[in-house]
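Letters A, B, C and D mark the chains in the order given here, with residues in each chain numbered from 1 onward.
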């Protein structure tokens, strides 16, 4: 097995406890030891509620947030340290798509110049107009926007411009933070269709950070679920979707309302709120909300069982294989 | 997502208008603004007087003629004469030139210093930022007049001293503005995006931070012209500004003050142009700010 | 809360030390004999020798600085070159006058400023808002010493309603108050305009917040929304700026003290400069900076206490 | 058929006479009924929601044949009648709970200020009512919440407090403008469940606005679909989701990723842009697969669909 394109081992990110906290106040862990390997051409979806640390993980991989512990490996070789210099290698082969694309554009720079920015920074020669138009076209953005300023773009157009910029240095990994946030149903598909295409054509790996179940269902090869900065389950998409082992994963997948009035749920799948990282629950940190909680869960934190190939779960009582669920009555799409 | 109910969508922008056309558009908007109209008129009057001073001045402003001492305004001396018999109109006209040269030079110098300092403080490492803040706070804790007095004691009065004092006073407030703007830009995703593309610090500062910081800074500089004119006049009023023989509204007022019980004319002659200039530039600045960037409220103190 | 104040005071002390060093450096940066520079050509040799001795100018530079700072720490700001009186006591004599002037101007100006700001917001967009805006901007623009001169000219010289000179006899409260009116008017006028513009901008911003829409969605009276909610948020934003500004008031009071020949910190510094009394200049500058820095601490404390969002992080 | 709490007929909203945002809307919400409005950004659904409670800015002009809210004629209502109505007649919760409360006042004080009508009640009595309302919406430690500030609570919790505020008014109509869009899916499920219990127990009529099809299907009895300022289809939720009459509704359901089998390759998209409201003919003509010549101009009929009477669509094709 060739080494992973990029791998995090027990990645840890701390935040000082309060604005005037002194050194002795215990720092709070946003990421508490997350390990993940991403292979070329693979689309990994990282799922979790707000505060689970998923956005922080994406930024920590590129050093935009300084990790406090653990290791990051590029093509198998670990980074010497977490200084900005050592992240240069990763950044030259990675692109980051932000949750709010408009805020990731310089308001006083035209879209064309912005798309060519990575090329100019990497010193890959002057960005000829055809190249930029080609990139825009690849991302489904018409080239009449190239001379415009960012504030003239709609949400969907801004997202496509961000993808065009990401493609301009043919990255080996694209980290996409909530790629469909704020998009209407009618153009959500437009953005989602880009990822598999790019992945096949350039063998680009994707780390997609989202809490949208339908994004996961359609583009994920591999799924990772985070809770309070720890990984609770990960594995191939098909298995996780059809047979989630961790109660939290099951709750997350069921929480999303299905647009079919005949398949409504009687009660919310999980109650309560995400606890604050300043007051982490004892034992298994999900026990305060878990419908299947047992006394052991309250006292003892579960280890990460990775017996099955590529499938890991952190739960004392993983859920059994569900009996074949009634076929999800879907309308076949006639187009 | 829900449309923002209160904002009416702006008409589609064909292509962005070039810089010159945008400036013309802004100028029209400033003049149509009530404050702007008054401001532009006064500013034009002041600037023209300053430029044409050597041509339009009726007498030599420093020519003393004791017998015509404290003459009331008359056809020969439109604004009368001061306690040394010097023609007040000429001194006011040349005073305008002094005020404008001091104001514009010190503004330019202050901006040139404050821009890089502010950006470095805002973008640089935290310890450097803390150092700059300490320096800015120290200088701005020296109240301007006290700062001026201390500097003048050591370098003696004169135009260069006044400019140095005004620059020393303005740099901290401008640098602080640039620093706050840079700090807020730094949290914006587009700077993180540049960092994620391995952009060098210099590139980020000059291609991305500078264009977004210069705009608000220039607007505030316009608003600050009247403060700088006041500073120059204040220092000259205390006899610590320009040398006494060079006419300045400040020293006209100072001489007028010493003879205020004898004749109010010098005080009025020196004070009115100063008021017209300060109000003119402030109105112009306010209108410009509303036209360009309404959310910006200046940190100016009276 | 205590740790927060300790940190801020520590910072303030550091600033004062920097100011002291800056002034000390200025004196040494000038070519020529520092005593001549400091005391001026007319000073007698004995005075120069006394000054040299006092500042220990013959010793190496660093030692002089150390000596200077040590004396500062004990509150010894050196002596007035002419009267030999300790600078600190001189300052303490005049400080109350400057303080009363600053406080008087500050109180009337801020109250009127907040009032005008609120009226402007209530008449937002109508002629009242425009007029108050025009007047406020004019008040901010006009230099305070011109206001001082013209109020002196009109009310003291022409109409003779109010005293033009001095601060009234110590015992006679009425005279002191009467002599306070014109100077505090001159110093405060700029503040009326500045505060009204700040309050207006902050309240308009507050009125645009989502929670105002929620209150309106429950039929809460517009007046209660404006004065209980928007005004509180506006004051929280404006108070720290005003508190820092109070420190800057001491600059404004210099002119008023000179135009109305009132005793005060500003007048004292001005006279010291004119008579080349360098130790006094150094002393007054340090005290003024000290007051300014104190206002900075008060400004932060005000924010920390009133704004729940800041208080929660302490 | 009890009288509707909200009864709109031919309602239009126009900003500054220049920009029509809502055109000729007919809508009725009956007590105990949850009506949903689906629409994408720019469809005017939020403007309609705000208009229902008279919360539009001065620049907006509201006109129409009939606009009744809980028996009051809103077209002729003056400013103080409006203020009196807001709360008891209809209450509203908004999209972003984090900014829906003042950051510098405690929640207790703000909720008490909302009870300005009950002058006869003492502070303690009001406090009791507030604590009960907070408990009814499932807030843990309700008394503790009174002294808390908004920034100390999570989005989900604040939305519960917002709903508790509406409970205090005992409104006949609850309007919810994208109530769960800013929340995590787990919290969304809890809030939707809470709204349904409100309707079942208190018989409150609810008008829900969203661009999220799943949420509308989950909670609504009837659904109206808005496009470019007009309601282009309206009917019972099963009909709308099972056999949509208007091509736009059909296209929306086709694009909904949750309804499509994974592994399909390219997800469908509705090409083109939403036109500005108020254009001739059918606004969807530029993007409609079944567009015909008659769709381009002239009035588009509002037709009852074949099977059930309560299901209408604004489209030439739907009747045939």
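Criterion: a contact is a pair of C-beta atoms (placed from the backbone, for glycine too) under 8 Å apart; a residue touches a chain by one contact, two chains touch by 3 or more.
What you see is a predicted model, and the numbers here were worked out from it, not measured in a lab.
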item	value
Comparison of A-D and C-D (more C-beta pairs in contact)	A-D
Relative to subunit A, chain with the most remote C-alpha centre	C
Centre distance in Å when subunit A and subunit C are each reduced to the mean of their C-alpha atoms	54
Centre distance in Å when subunit C and subunit D are each reduced to the mean of their C-alpha atoms	54
Geometric centre distance via CA averages, subunit D-subunit A, whole Å	31
Two or more partner chains touched - positions in subunit A	155, 184
In subunit B, residues with contacts to at least two other chains	1
Junction residues of subunit D, two or more chains touched	41, 55, 211
Interfacial residue positions of subunit B with respect to subunit C in the complex	34-35, 134-135, 137-147, 149-155, 226, 230, 233-234, 237-240, 253, 256-257, 260-261, 264, 267-268, 271, 274-275, 278-279, 281-283, 286, 297, 299-302
Touch list for subunit B against partner subunit A, complex	1, 12-13, 15-16, 188-190, 192-200, 203, 207-208, 211-212
In the complex, subunit A residues that touch subunit D	49-50, 154-155, 184-190, 192-193, 196, 211, 213-215, 217-218, 241, 251-252, 255-262, 264-265, 267-271, 273-274, 330-333, 335
List of subunit A residues in touch with subunit B within their complex	59, 62, 64, 88, 91-92, 94-96, 98, 100, 103-110, 117-118, 121-122, 147-149, 152, 155, 169, 182, 184
Residues on subunit D engaged by subunit C in the complex (per definition of touch)	53, 55, 82-87, 91-92, 94, 96, 99-106, 110, 113-114, 116-117, 149, 151-152, 162, 165, 169
